[in-house]
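Pasting a structure here, questions to come.
Think of it as A, B, C, D, E and F in the order they're written, each chain with its own count starting at 1.
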C-alpha cells in the first residue's frame, strides 16, 4: 500500500508521544494533559480554544482566555517545544484600527494560517453579532486588521494554507446568535481577502454531529486531498457534547467531500474534558504536523476551561477515514 | 422652505390618486385595492410581495406567487398603467444555470433595480437556507444568474440604483432559518456583483419594529439623501404585525442614518391586510416615482395573499420623517 | 378515458351544487355557507368538526360543539337534506360505561363509519391525554363504548368502511399532547376492534402540509383505490393554516400510497374560514357520496367555529390527484 | 325570589340598550359598536382598554391609546352620555413627579376608582418591568402619583371602591415579563396606599381561561357580595383568545370566591373583536351601573384596537353566575 | 412479622455483596463498579442500559452499546458470575425479517423476559419514531421478530414474566419524539403478542420524578404483589437527573398501584454516575433475584456510559416502600 | 491608606484560614471542604444553601436539606466552631401558624438576620408560587411566622441588619416560576415587617452574571458602605453557572450602587462544586465576620449538594471591588 504523505514542511520538533500500549484509538491523548491550566494567565478564568503555528524553529500561539468578568480576549504566547507555553499577561492590543466598521477588539476561538508571506489570524469577532474577524501579521508584532469576512451570524472561520485556483478559501459556519443549535459548514472564496463570494455548501450536521459542525484546524494538504479535522456537536437531554470528526476534501474543489469519517475520531472522556465551565467539550483549533514522519499534534480546548493535546499519524488517520467513510 | 426633489426620471404615467378628503395620513391607500387578487394566475394560491419597474413607457413586474402546493415562484408581468397587470401563467424559467452552486430556481420577495445598463433582480433564494439570489437582464427576456450574494441565512437583499464610490451596494437582513424572530439591516459592497465585503451595520429593530426590519423598495435618491422605505415587525401575543417605516440615509455613506422616522408610515388596517394566509401584513417591495411631481406609488403585499397599492408625496414624506425623527 | 366510479351506495339526495360558472377549483364551496352557525345549539360557543352519515334515506350527524366553558361535547343531529340540521340540545350521554378504563364522556372531532351491521363512532377521547375513543350503535339510540384503540397521544382516528384482509383498519395520527406541532398518518389493524397491531406508516407531513397531517372523512372506495381526503397543516409566523389534501391508496394494502396530490385541494379563503376562534382552518370530517353520479359532498369545520359544505366530483378529483401527484 | 341589588349610586343616564329580540346572552353588545375608533385621537394607531367613571352627572374616562410608534399613552376624555367621547389630543402629563423611583410616565390598561374623597387611577406602569402604577386626583385636573404598589412583574391592578376592614384592597395578577403565558389573581391590602401586604390568592386560571386571568372593572358591591367581571385567556394553536368571566366574592373577605361562573359571559365574535392589531380580544376595564335599575354598562377594548360597549342586568347576571357556578 | 417472599426461582449464584458497614441505604452499590467499561466492546463509545437474565445456571445479557458514530446497537453477552461479561464484538443481526413493517435492526434500552417457554426481548425500536420492538428466542441463537407493540412515540416497553388473566402484559411510556420532557406509565394487554389493547394508566410522573417515569426491570412477583423498580426523572436548571423509584402493584390487576414509594431508592452520586456522556443518570434495566434468600441484584446504566450493579433485599425493600408510601 | 473597617461585632472565633501560599485570589477556599456532606442528616439527599449566625459565643444555622423525595426542608443546627455542625434530624416545625394565608411550612435558601432584639428568618416560601417567607425568633426555639413579604414570583429575600431611615429593608429578586432565566435585584421597605413598598431597583443581571442575580448573605456594614456579596448566573450551552459577585452600596440609600465589581469573586472549580445534583453552582447564603480583624467567612452551597466555606479579608475585598468597579 502506498503511504499517504503530508504535503508541507518538516517540523521534527513538534510535540509527540507514541500511541500508548493497548490503545487502539485513532487519536490518543498526551499523557500530561492538560498542557495549559485555567489560571496560567494571571486573572484568567480559563484558557482554551487556541491556535498554534510553527515559526522560526519554535512555536507561536494565539490563546483564547476568558477573564473573571467572562470577557473573551486573545493572548499571544511562545514555546520552544509546543508544550510549555510562555503566554503574555496582557491581551493582544492589535485589532482596533477600524472599530466602527469591524467591531471592538475582543474575540474568541482563533485560528492562525500561514499563506505565502504572512500569518493570517481569523477569529470569532463581535460586530452586532458573531462574525469572522480577519487580520494578518508578518512577525506577530504588528497586526493589520482587515474587514470582517462575512455578515453575522457566523463562527469558525478557517482558512486554507494556500490559494486554490487563484483565490483565498475560507470555511465558515453560518448560524444564528446565542448558543446556536444548528449549523453546517460552507466554503467561501476571495480574490483579495476583503470581498468574498462563490459560497459553497460543504458538509451538513448529521450522525453523531447532528446538532452542528464547524471546521477546526487549518486543513492539512496530503496526497489524498485536504485532511479536515472538525468539531461536531450532538445534544443529549443534559446538553451538548463536542467531539472531533475528520474528512478528506478534493484538492482543487475543496467544497467536494471525498470521504467523511462516520465515527468521531475523538470524544470527551477524561475528567478535564467532562468537568469544567462547559462539560463534555473537546474543541480542536490547530494542528502541528511533520511531513517527514506524518505525525500530527492536535491542540484542543477541553471543557471550555483548559488546553490539551492529542496525537495521530496521517497515514493511519486517512486510512481510518476511508475505511469508515459515511 | 425648499422643496425636496427626487433625483431620477420623470414618470408621469405612474398610478396616482390624491389623498382622500379628510385623510391626514402620510401614506394613503388606493381606493380600489387590492389591485391583484390571489387567483389572478391560474393555479395560484396567492400573489403578494412583488416588484415593479418602469420600462419603455410602460411597466414590468416580477411577482411572487405561491401555488397550491405552497411552493414559491416568480412570475413576469406587464402593465400599461401599473394597476392592471397581465401576468404570465408559467413561472420564470430563468435562474437555473448553475443549480449546484446557487440553489434551485425558486424564490420569493423579489426586488428589481435598474443600474447603468441592465435590470438586476434580487430575491430570497434557497441554497441550504435562505440567502440572496442575484440575476440580471437587459430586456426581461433573457436572464443571467450570478452567484448568491451572501452565505445563508439572509433575506431582503435590496440594491441601490447606482454605484456609490465605485461599488455596488446592497442591503440585507441576516438572521436565522425559519420564521426569524430577530434581524437588523446591514449594507454590503461589491466591486463586481459577485464578491461582497465591507459589511456595514445600518439600523436595528426597535420601537414599533422591535422584532425585525428589512429594506423594502429600491431606495429613492433625493436632495436630502436616500429615502428608504422598509418593513418592520412587532410581535403581539397573537403573532407578528408587518408595518412600513421610513428613513433618510447619507447620500455617500448610505449606512449612515440621517433620520429615522419614529412612527410607522403605514400599518395593516383594511380587511385584505388583516385577513389572509398571514394576517396583519403590509410588505412593500417596490415603488414607482415621478421626479417632476414627487409622487410615489408604493406596491405592497397584503396578508401574504394579494398585491395592493398606496401613495405618498416625496416632500411631505421627507418632512414627516424629519419632523418625527427618532 | 375510463370513468372512475365510487364503489358504494347510491345516495341521490345528498346535498349538491354544480361548480359555479368561471370556477376552476377542484373542490368548490356551497353558496350558502356556513350551514350550521356557532350558536345553533343553545349555550354553544361553536359547532364545527362534525361527522354525518346516511341512514334510512335521510342523514344523521354527530356534531362537535364547544360550550361557553370551552368544554367539548358531541351532539346528535338529524337532517332530511343534509343541509338543514335538527341538532339535539343535550350532549350525547352515551360513552360512559367504563369511565375508569377509557376516560370521561367528552370528546371532539368525531367520525362515523358504517361497517357491516352497525355504525362505529371514533373521536378524540381524553384518557390521561388525547387518544382514540371507539363506540358503536345500531340505531343512534343506544351506544356501546369499546376500549380506546390506542395509547395516548393520538388524534384523528378514522376507520375504513369495511374489513380488509379480515381485519378492521383505522388511521390515526400519533403525536404529543397540546397543540401538536408535528404528526404523520399511520394505519393500524384489528381482528376484534379491541386489540390493535400491525401498525403501518402511511404518509408524512410535507410540502404545504409540512407541520402535520391527519385523516379526514372515511375513505371512499373507488375503482382506482381508496380515495382519502385529509387535513394538512402548515405554519406561518402568525399561526397554523389547515387545508385539505387528497390521496389514493392501494385497495388491499391501504398503507401504500399510490398517488398523493401535491397541491392542496381546499384552503381557507372565506371570512368564516379565516376569522373565528381559530383563524384559517378548514377541517374535513365527513363526506356523503353518490355512487351513481360520483358526487361528493364534503363537510368541514371552519375556523373551529362553524360547519360548512363543499363539493367535488369523484372522477375529476381522482384525475386531478393523478395529474398532480407528488 | 329576592331581587339582587347594586349597593351604590343611582346613575340614570348611563348608556343602555335593552337585550335584542331573540338574544338569550347574559351580556349583549351595543348595536353601534365600536363606540371609539382607532384614529379618534389624531396620530393614534388604536384606542382600546380604557376606564370610565361617573362624575358630576356626566362621565370622565382615561383612555389607553397606542400611537403610531406603538408607544402607550393615557388620555383624558369627557362625555355627557357615555357613548360620544371628547378625548384630549395630548397624553396626560401627570405621572412624573418621581420618575427615578416609579418609572416614566407611560402606561396602559388604566382603571379608575372613586374611594371616599378622590379618584384613584391604577395602570400598568413600567419600572424595569411591568408593575402597578398608582395616582389620585380630586378633579381630574391635578394628579398626584404614589409609589408603585408592587414589585414587577405585575399587571391588572384593580382597586375596590371602599376600604374593607380598614384597609385598601387591590387585585393584581403577578406573572413574568413579555406576553405572559400564565397568571392568577391575587388580592393585596394596604393601610396607606403605599405599603402593601397580606397578599391573598383569589382565583386561578382554569377552564376556558386556562392560560391567565386578570381583574377587569372595579368590583360592584351587591347584596350577594362583590360582583367581579374579569378577563380570561385561553390559547389555541393560532394564539390567545380574551373573553370575559364573572364571579361573586365574599363581601368582607373578598379573596374568598363564593361563586365563579363556569362559562364565559362574553367572547369575541364580531369582526371588530376578531380582526385588528390583536385578533380575538375582548378586554373589560370599566363598568357604569345604576343601582336603581340594576343596569350595567361594560366598556371593553376590542382586538387591542377600538373601544366597545356591552350591557347586562345585575340580577340576571348574578343569577346566571350562581346557576352556572364552577 | 411475616417475611415477604419472592415468587420465583432460586438463583444462588447471582452477584451479591452485603450492605456495607455504616450504610443505611435501602439499595447499595457494588464496591467494584462499574462492572462494564465504555470501551469493553472494540469500537464502542459506551455500554450502558442493558438487560441480563439467568439461563442454564449462568447468565445471558443483551447490552446497549453506542458506537463511535453514536449509533445504537444491541450486543449479546454471557457470564458465569453476572459480573464478568464476555460480550460479542458484533451487534446482534437478529431483528431484520420485516424491515419495511417494523423498522431497521437498531435499538436501545433492551429488556429480556422469560415467559412460559421462551425469552422475549423488548427494546426501543425506531419505526418513524421510537416505539417498542418485540422479538423472542428459545436459545439466544435464533431470534424471531414480532410486530412492534405500539404506535410511536413510545419507550420503556417492559413485559410481565407471566400472563395475567390469560393475557400478556406490557408496561410502556408513551410520550413524544426527541428528549421527551414528560411521560407517565401505562400498561397494555395482548392475547397474542401482536395486537394490544385494554390500555390502562398506571402511574404518573410526580414528586422527585416530576418530569417523566418509565418501567425498569421486569417486575418481580412477591407475596405482596408485583415489585416494580422504575426510573424517574426530575429536571434542574442544569438538566435531568435519573434516579430509581419503587412501587408494589396489585397481583391480578397490575395497573392498580398498592404502594408507591415516596422517596427515590437510588440516586446518582458516584463519579461514574455523575460524569459521562449524560451526567447524573442511573437507569435500571434488569434485576436478578434469588427466591431463597430474597437477594436482588440491580443492573443499571450509569451516565449513559457504563454498566453498574447495586443490591437490595426484597423484604427490606418492600417494607421500605410500604413505610414510605406516597 | 485608611483601612476599611467592618461596623459590627467582634467575633474572634469564626472559622478562619489564611490565604494559601501562592494564591492570589480575593476569596479562597477552606482546605477541608465541603464542611457538611450530603447525607449528614439521616434520610437527606443533600444539604446546601444554608444560613448561619453567631449566638452566645457559638453559632446557629438554618440548613436547607432536600430529602430523598426531593422535598425541601429547613433544619436547625448548632456549632461551637462554625465548621463542625450538629444538625437536628427533624425539619423545623415552625412556620405553620397561618397556612392558608402564607403557604405550607416548606422552604429553601434561608437567610438569618439579627435586627435589634430578634432573629429574622427569610426563605423562599411556596404560596401558589415562590415568594419570600418571613418569621422571627428570640431564641431559635419558638418561631413566629409573619405574612409573606411579597406577591409571587420572588426569591432571594435578604434583609439588612438594621433599619435605615426608620424602615426595614429587604432585597429580593422578582422573576417568574420554574428555573427562572432572568432576574434583577430590588430593594423594598417596610415600617412594620408586614406591609412593603417604596420598591427600588438596585442592580441588573449583566456581564458574567448576565442571566440573573440575587442577594446572598446579609449585607455587611463598613466604613465604605454596605458590602454586598451576591450570586450571579451565566448560561452556557450546557447549563447555568452560579458564581459570586460583590458590590458596595450607599449606606443611607442602599439601592444606590457605589461600586460593582466587574469580575466575579468566586467561581465553581473544585469537583464538589462542579459535580452533584446541579453542576457548577457556588451559592453564598451567609457570612460570619469579625470586626476586629476584618475576617469574613463565607458559607456557600456547592452543586446544590453540600455546604462549603471560603474566606476573604474585608479591606482587601473592598479595595478589589473599587479597583475593578464596573
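Observations on the model:
One rule holds in what follows: a residue touches a chain if its C-beta (ideal position, glycine included) is under 8 Å from a C-beta of that chain, and two chains touch if they have at least 3 such contacts.
Protein identities per chain, from UniProt: A, B, C, D, E, F = Glycoside hydrolase family 130 protein.
The shown structure was predicted, so the numbers you read here are calculated from the model rather than taken from an experiment.
Annotation of chain C and chain D: jointly contacted by B, touch as defined at the top. Note on connectivity: the fewest steps through touching chains from chain A to chain D is 2.
One of D-F, A-B or B-C repeats the interface of C-D: more than half of the contact pairs, counted by residue number, are shared by B-C.
Shared numbers divided by all numbers used gives the overlap of an interface; between chain B and chain C this overlap falls below half, so the copies present different residues. Between chain C and chain E the centroid-to-centroid distance comes to 40 Å (mean Cα coordinates, whole Å). In whole angstrom, the spacing between the mean C-alpha positions of chain B and chain F is 56. Spacing of chain C relative to chain F, judged by their CA centroids, is 60 angstrom. For chain B, residues touching at least two other chains, in rising order: 238-239, 275, 279-280. Shown are all chain pairs that touch, namely A-B, A-E, A-F, B-C, B-D, C-D, C-E, D-F, E-F.
Remark: chain A residues 101, 127-129, 131, 147-154, 172, 174-177, 182, 184, 186, 188-192, 194-201, 204 touch chain B in the complex. Put simply, chain B touches chain C in their complex at residues 38, 42-43, 45, 67-71, 179, 238-240, 275-281, 304.
Considering their complex, residues 24, 207-208, 234-239, 241, 262-264, 267, 269, 271, 274-275, 279-280 of chain A touch chain E.
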